[in-house]
Structure formats: C-alpha cells, structure tokens
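Here come two complexes built around chain A, the first alongside chain B, the second alongside chain C.
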Partner chain A sequence: MSLPEEEAGPRVPSAERLRRTRIRKRQGEPRGWRARMEREQKRFESGELPALRRIVCEQGLLSRPDGSASWMQGDTSVLVGVYGPTEVKVSKEIYDKATFEVMLKPKIGLPGVYERSREQMIKKTCEAAVLGTLHPRSSITIVLQVVTDGGSLLSTSLNATCVGLMDAGLPLNSLFSGVTCALDADGNLTLDPTAKQEKEARAVLTFAIDSTEKKVLMSSTKGTCSVEE
Partner chain B sequence: MKETPLSNCEKRFLLRAIEERKRLDGRQCYDYRNIRISFGTDYGCCIVELGKTRVLGQVSCELVSPKPNRATEGILFFNLELSPMASPAFEPGRQSELLVKLNRLLERCLRNSKCIDTESLCVVAGEKVWQIRVDLHLLNHGGNIIDAASIAAIVALCHFRRPDVSVQGEEVTLYTPEERDPVPLSIHHMPICVSFAFFQQGTYLLVDPSEQEERVMDGLLVIAMNKHREICTIQSSGGIMLLKDQVLVCSKITGVKVAEITELIQKALANDQKVRKEGGKFGFAESIPNQRITAFKIEQSPIDTDDVQEQAEEIIAKATPPSEALANPVLWAPGTAQIGEGVENSWGDFEESEKEEEEIPEEKSPTTEDQTMEMGDTSVGTKNKKDETIVLSDSEEEDVIILEPEGAQKNRAETSYKQDITSKKTGSKKKRKSYSHKKH
Partner chain C sequence: MAASAPRLAEKRVGQVVMPGDVLLLPAQPDADGERLRLAPVGPQKGRLVCGPGLRRGPEGLLVTKCGLLRYRGPAGQAGGGTGSGSGGTYWVDSQQKRYVPVKGDHVIGIVTAKAGDIFKLDVGGSEQASLSYLAFEGATKRNRPNVQVGDLIYGQFIVANKDMEPEMVCIDSSGRANGMGIIGQDGFLIKVSLGLIRKLLAPGCEIIQDLGQLYPFELVLGMNGRIWVKAKTIQQTLIVANILEACEHMTAEQRKQAVAKLSES
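This part shows the complex of A and B:
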C-alpha cells in the first residue's frame, strides 16, 4: 500500500494550501498566490485536472456539544458533535488513556452494519491522531450525523471529525484528512467522487492521512485495483 | 453521561426574572425565538432552527403493501430521534419517556389531524401504497423540541417530492426523476405546535420556553393549530390545573403565532422552489452565512495531479516494503508466500518474517523489488545476488516481503512462483532503507 498513500499524499497539502490562501485573502495578506491560482483555475476549467468538489465548513454551530462542525464536500454534508473529555462509564474506562466512542447516524432509519464499520474506522483514526493519554479515564464522544450523502461519505466524515476535534480543543498530535478517489474501468482517477461516480467506479479508495508526516492513518478500499493505482 | 443539574441559585434567578416578566434571552413573554429554515439538495430534506434548537428532517418513501384494514390508504410513519449530539443526557438507542411522549404528540399532530391526504398515496388498492417515512433528528437541544420538530416535519413533507407512478392494468411503472418530474404530496393544511410554559401554578405564562425555562416550569401546554385556526391537538402535561380562560388565551396566541410561522414556511418553500427552477445554487452550503468567522468556503478546487505520474514512478522505484510499522494484519493471497520453513509458515507469522528481514543489512546484499501485476494476481520478484538472498514480494493489499537468506531454498521458491510473475522490473535496485534501523 506504499504507493497510493504517497500518491494521495501531495494532494492534501495542496488542498490545504488553497485553503490557507483563501484565509490569507480574507485577512488581506500578500497576494502572490493569485497568478498561480488563476493558472490552476484555467487548467481546471479546460478539464485537465481532477478536482475536489466545493468545500464548505462551519465550526461551533451547535451550542450543546463541546465542539461541533459541519463539513460539506459538494453535495455530501456531515455534521459532527464532540463531547469530551467527560466522565466515562466504569465498564468502558481505560486507566491510561481516553475512551473513544464514535456514533455515525444515518439520515434515514437506524444505524446498521455499514455504519458500525465506518464508526470503527473513524474511531481508530481518532485514536491515532488524538493524544488520548493526556485524558486518562475519560471519554471522548464523537457523534456524526449524515445530513446529505452525495458520495465520498467516509472522507467527508473524517474531515468533519477532524474539524470537530479541533473545535472541541482536544490535543492532537497531527491533523488528519480523508481523501476518496475512484478508479474507473479505464484506470482514470476521480478525486472526491460523487455517489454516481462511486457506483460506476471499478475501485473506490479512501485514505486518512495525517498532516505532519503524511502517513496513512486509515485506508479503505472497495473493488479491485492494482498496487500502483 | 448525566445532564448538569440546574443549581438552586439559577432556578431562583430564573423564577424571579419570570415574575418580573423578564426572560434571560431578552424576549417578551409571548415572543418566539428566531426561526430559520434551510433546505438540502435532496427533496424532503430540511433543517429548522428555533433559536438554538436544531432539527433535521428528512422524508423518504417506499412502495409497500397496505394494512389489511385500510386497503386504500398510504402509510405515514414518524420517527423523532434524540441524538446524543443534541445533549449529553440523551443515550443512543434508548426509548426514553420524553422521546415516546414527543413521538406520540407528533403523530397526533400530523397523522391524526389528516393533514396529509393518505388516500392519494394509494397506487393499487389493497396491494401497493406509498409509505411515507419522516425522520427527524434533534441536533441541538435548546428547548422546545416539539415546536421545532413539528415545523421540521411539516416543512419536510411540503418540500418532498415522490417519484411518479403509472398503473396500466396490473403493471405498475415507477418513473425515475429523469423520466418524469416527481410529484409533491397533497397536503390539506399545516398543523404547527406551539408550546406554553406555566410557572407558579399557572400564574405566569411563557411562549416557546428555552431549555433552562423548561427545567423550572411547572406545566406545559402544547396546542397544534393550522392557519385556519383549527385546533388539531391539545395536550397539557406537568400536572397543573389550567383555567378555561387560560386555555382560551393560549389558543388565541397560538392562532397568531401559527399564522406567522405558516407565512414564513411558505416564503421559505417558495424561495427554494424559485432557486431550483432558475437552476441556481441551493442546499445547506448556500445557507451558511459568508461573513461568519467560523464558516469558510472554498470553491471547487483544482488539484494538480500532473506530477503524480512521475511521483508515482519515483515512489515505485523507491518503494520499500512496509516494515513492522504497518500494524495491519497481513493478507496473503492464496498460493503465495510460502517461504522459510515451508508449510508451517502460516498466516501472518510476523515474528519469523521480521527476523529474516533483519538479517539483510548484515549481509549487505542489495535486493530488488518488483512491482506491477494484475489484480488478484500476486507478483513475485525474485532477484538473486551473490546467490544468497531471495526476495519474495507478495504485494496484494498489503505488501509483505519475506526474505529468505538461505540459498538452498531459492530454487524451490523460484520454480513455484515463476508462473505468477507477470512483469519484473529489474532496472531499479535500491537498498532497503527500512532495514537499516535494526541490526540483528
């Protein structure tokens, strides 16, 4: 799995970079990035580049949880609420680190096996990123609510979780982000696929990558693909 | 997790304020909090904010066979969920008393008031009817859940469009949204709940209690009414005696409030409709205010993947097998990687393979690595330098490299894997950096 992780790696910083440039724009700092942005935009419009869909996020929108965020990638939208560190049930208590509880709520009906597996993936990713040892014998509860599913749900959930954890002010050793890519029958790569693209794709791969060492925290693959892909 | 209790001081403070006809958030006694309605990209999806209370509503439909005693009526199903996101006191998967009460009230308000024409949901009498399911998720508990939930439910129902069907003889055809425009539900009227909180045995009355006010109130009266001033449901709880006049006053206030809210809902629906028709942008992303410091948007962002190909090549060239750092279980494809002691070397026998790997740096034998193979097929690259080392790379979902320092077994391994090798890249040979960390 050495290749895809590296392959996906550089993209995250570039998304981050764009993000930062946007922030800079708002703060009125130097604007040397503009030419590059325009160039990239031009190339993107000509259809050469795969692109992430529009990202919109909002933090601290709920009053009750300690941290909350809403993250939207295109049509996919996930809302997250983070409680923690708080008291933990004795049965779940871990004496040297925090207990993570992740709940993923589907929009329609009750959570099933699919949600459970996603919960586990997100939980493991959080355990890797959050410094749980700083909060022993306490619980960190993450509640995710799917608002709209338009593809790349897992990566959206991961991104939402990260923003939510930040908003809750929990100590993290690195940030993390999720990227989903889909490979179609001809081997073309689509970043951040929509639900339709995901359905048509030969393989759908999702990675969680941390921001400091660009290591893969979690990966999930569906369908067949070769190692280089 | 338990709810933080309200202290006696806070309680007394609140009650004193109420006696002085003041409220913590600066409202008058009969004021509603601000209502904000936003719609999602799907039909039948909305978020209603009532002050800080937030409810997500989603309507879905399904073709089912009807109940035997009501063969010509569609089925309406309501499900309000108190997500733990809304308040730490809500436990997942437990039907609390409050939840049961709220769900029942919602059903009475919306189903029993016959606001939805269930007969129009019938496709084939006695065989196929639409089941309309309304899922409501409480996202943030800021008090007065029932009002927010009832608004969310009726807005989602009004916004919803079901797929069109046609019946020809016995055959039922379901049209996708591309083939035929989905049809809205037929809604007779819009019942909306309005809650009143009573304090001091009914002396003081507040409309739309907030969460803290709910905790100190003595009794609650919920009136569901439509804009024609018809009462759909009325429920008094909390065990206080209300005078006839009080109920009349409340119903008068309800009439005014319901008219306001209905107007707002209709405006919101018309607005969304207009935007959709014009092909503009809609959905939750649009409803997030731009100027807020906590909110942030980036437009569709191009990602430079030009150099990915080269990078990929480079990475392939450098590719080192994942070492112990990769804690995931090893997946060995059938028919591969039986090295070392032979058959006993079974699934994920890590210790052994690690030991063998560590021997490499001592021998200083450059090894190669292969890549490329068809999926499902394992590639095994064997390269032999100084007739000492065999490297077998089994790259499936996780790469596993097992190194066999014994030359004697080389032949065996090679012969058994030759047919599996689809391509072999001998060009790039790199020393494995990953092994230099530890000496045996």
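This part shows the complex of A and C:
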C-alpha cells in the first residue's frame, strides 16, 4: 500500500476524540490534553466537577445515508442519517446557499409541535456551523430518530447531528456540541440531567456551543431562572 | 485555547485535523501573493495550493473537514512535512460517500434523459451533468452516437463548479476518445466510498495488482465512487466486485489471504 495510514481512516478514534473535545469545551484550561485530563479526573473525584453520563458514539453504521451516527448519553440515544448535498425541489431552492431540512422522528407516533420546534433549533445551529455557501442550490437533509429518551434529548440530538455531519464529510466552519443543564429549587446546577432530574428542575437550559470560539450558537430555556447561568 | 491555537501546517502533516482548526503557513501569505501578482502567469515555484478540506482564512488555512492532513512538495514528490516553505499542496484526506463534481475528474455517469442535442447524466452529485452528443470521438451532426437511457458513460468533467451545471465530455483535447465513451452492455456496476476509489487509483495500487494475478478482467474506476467490472464469466465478475467492495475494511494481510484462497479454488 502506498498510503498505509489510510487504512486506519479518520473515523477510528473519533468517539474518544470527541469526548475529549467535549471535556475541553467544558473547562477551557490549556497546556496539553493529558495534563488536562488528569486534572479533570482529580476534580471529578473530588466532586467539584459535575458528572456527565457515559457517552457512546458510533459513526458510519448505516449504509444508505452519506453520513450516519448513533450517539448515546446515558439512557438517551439518537440515531442520525445525513444526506447531501443532493438535488433540491425548485420551491425550496436557495440560489446562494444550501437548503437544510431537519426531521426529528419521535420514538412512537407522529412528529408534533414539540418536534417541529426542536427541528428548527437544530436546523439553525447547522446553518451556523456548515459552510452552506459551498453547495448552493442543493439540499442537506438530516434525519434524527430518537431511540430512547432518558433526558437531555436536545443536546443529544445536537451532538448526534454534529457527528453525522462530520461523517458525511460536509464542509464545516467548526464543530459544535450541545449541553443541557438543569437548575433545581436550591439553585444547584446539574449537567446532562436525566428525565427525572429534568422533571424536578426549576429550569432546564440547553446550549449549543461551537468548538473554535466557544460561542453560543443556540440556546433554549424551559422554566424560570435569573441571569445566573 | 489549546484546541484552536494556530499551529504550523508542516508540523501537522500526517496528523488528524478537525473542522475549525487553523493552520499557519511558514511563509507570509501576503508577501507571497504580492510576488505572484507581479510575476508572469503560470505555475510558479513558491505557489501554495490549498486542496480539498482547506480554505484560506485571515490567519492561515482553515480546516473544514476531518481527516489526515497531507502535503505534497512543489516538484510533485511526497515530502514528509519538510521544506514546505517554497510551496506545494496541502489537503485533507477524508472518508466520504457523496460525490461533488470536480473539474478534470473522470467519472461514470448513468444516462437519465435525452433532451435534444444533450444527454443528462446522473453522476451522483447534487445536480445532473450534461453531455453534448458532439462530445464523442468521431461524432458529427450526421453521425450521432448511439446512446440510450440507462447506458453507462465514462467521461471527464470540463465544467464543474458550485454555481453551474456540470458538463462532461468523452474526448480529450485532441479529439480522441482515450478510453472514454459508452461502456459496453454487460458487466457489473458497484458503488463504493470515495476514499476507496482514491486508494485504488493511487499509482502502484496493490489491490489491483493482487486481483490481476487471479484472472484477466476489465475495470473502470470513476472518481464518483462507481466501479464497473467485467470478467469472462458472471461468476468471476461477481468475485472481483465483492473483493473490491470488501477490501475497504481489510488489511493488506487479510486481502492477500482472501486472494490466495481464491486462486487455489
């Protein structure tokens, strides 16, 4: 083989890499990832750092879509298929950028108002991250299937979408990740809450953050909270 | 941030890069651009080409795809990240399934429509490509090529950019077919990932050499991820097609074993 490294491909270490990026995103301390992870581990053990649920990710598991991924955060699991850039209906065509279509399929039943609003949020986030101007007059379709919902569904969907876009090889400005946090009655913050914690919480906030400038791409709030975060 | 801190491009060659990474170039791009403008037109020594997965940003090269960063020296030799100050090509090697037309690429298209004097070809991109009936070897207004809907055509892009409909031809600049044209009636078409096609088309590819030892067969590789195979019997065709499909996730060792097993039986 003239290019032996190609065997390994870019997708092998992606889950681990992404996990690292996510950790990096939470705590912006520089100087080497190994040192950072050790520091992270210490803080985690001392209880200073809020615990995240276990993250499992698999890329390229479906054969038909151009990009696919399954993302699990604890008990919440989302499967995503990305198609594109493909042909677009003339009515939906935009002459200077790609058209995004996001479909969020619930575990049971037909998508309702809740799914529609989530679709819009994910769509806007993707439009910010993907360089749509490189594929004008084409469509990028993202289909998300909820496999199990155990809380933090929106952030899981966002993370799944990002990995799906990566797998499809679409040109991206930056990566993005979703974080859900719950505020309880005492003002305690829980990252990546379960469905039970979400129900008991006073406010549930979800943010999408990009990987380069660490800026918020999208935010969603449910419940009441002051300007504390 | 450590994650997005710009790093020298030559230090990252062969490593994994992620979208949003910024790569610094050793030479000052502005000074370079000035010299290019003053110098006569044509490929120059100090010219740096930024290939797929990279974009020119205000600070340096902006990565837009995940994959391994690659570099080729200005004289065409594969430089392992040394002496990139005088130009060359950087690109990101990524796995992808969807094809985006690129000018000069050789692809296999399927004829979907005949509209007057052009054919519409499905090449797997976001738009159908057009092919003039005059763009075949020896074709004249009187002597039209016999093309039917559903035929496979091996051709080359002469127009391919994001704003225009891609256009293909089946002749080279001197009017010769040079291997391009309608692909025969029998044979078998398979679809593989773009990474595998690039691997197969790399000079001195071992997969093709190994398969060539089994029995003679015809092979057409399109950059759009389509492979057409034809051997003496249908069985042999299917064997070659299956090996080509499977060898994406096989190591060289596994492939050699599989081929050895086949050549015994």
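Simple rule for what comes next: the second predicted complex is superposed on the first by the 181 of 229 C-alpha atoms of A that agree within 3 Å, B and C clash if a C-alpha of one lies under 4 Å from a C-alpha of the other, contacts with A are read in each partner's own complex, and residues count from 1 in each chain.
Just so it is clear, a residue touches a chain if its C-beta (ideal position, glycine included) is under 8 Å from a C-beta of that chain, and two chains touch if they have at least 3 such contacts.
All figures in this text were calculated on a predicted structure; none of them were measured in a lab.
Student: For A:Val143, is the partner it touches chain B (first), chain C (second), both, or none of the two (neither)?
Tutor: A:Val143 contacts chain B only, not chain C.
Student: If you count the residues of chain A that each partner touches, which comes out higher, chain B or chain C?
Tutor: Chain A has more residues touched by B than by the other partner.
Student: For A:Gly187, is the partner it touches chain B (first), chain C (second), both, or none of the two (neither)?
Tutor: neither
Student: Name the contact category of A:Leu61: first (chain B only), second (chain C only), both, or neither.
Tutor: After superposition on chain A, A:Leu61 lies in contact with chain B alone.
Student: Between chain B (first) and chain C (second), which does A:Ser211 come into contact with in this model arrangement: first, second, both, or neither?
Tutor: A:Ser211 contacts chain C only, not chain B.
Student: Is A:Glu87 touching the first partner chain B, the second partner chain C, both, or neither of them?
Tutor: After superposition on chain A, A:Glu87 lies in contact with both partners, chain B and chain C.
Student: So, does A:Leu172 touch the first partner chain B, the second partner chain C, both, or neither?
Tutor: The answer is second: A:Leu172 touches chain C but not chain B.
Student: What is the shared patch of chain A, the residues that chain B and chain C both contact?
Tutor: Shared contact residues on chain A: 1-3, 6-7, 10-11, 14, 60, 83, 86-87, 139.
Student: Enumerate the contact residues on chain A facing chain B in the complex.
Tutor: 1-3, 6-7, 10-11, 14-15, 18-19, 22-23, 40-41, 43-44, 49-65, 68, 70, 72, 74-75, 77, 79-81, 83, 86-87, 103, 105, 107-109, 139, 141, 143, 145, 147-148, 150, 189, 191, 221, 224-228
Student: List the residues on chain C that touch chain A in their complex, please.
Tutor: My answer: residues 1-5, 14, 16, 18-20, 22, 53, 55, 64-68, 93-98, 100, 125-128, 162-163, 195, 199, 202-206, 251-252.
Student: Can you check the complex and tell me which residues of chain A touch chain C?
Tutor: Of all residues in chain A, those touching chain C are 1-3, 5-7, 9-11, 13-14, 17, 21, 24, 28, 30-33, 36, 60, 66-67, 83-88, 131, 134-139, 166-169, 171-175, 210-214.
Student: Quick check on the complex: what are the chain B residues that touch chain A?
Tutor: My answer: residues 1, 40-42, 45, 47, 52, 54, 56, 58, 60, 81, 83-88, 92, 133, 135, 137, 139-142, 283-285, 288, 292, 294-308, 311-312, 315-316, 319-322, 326, 371-376, 395-399.
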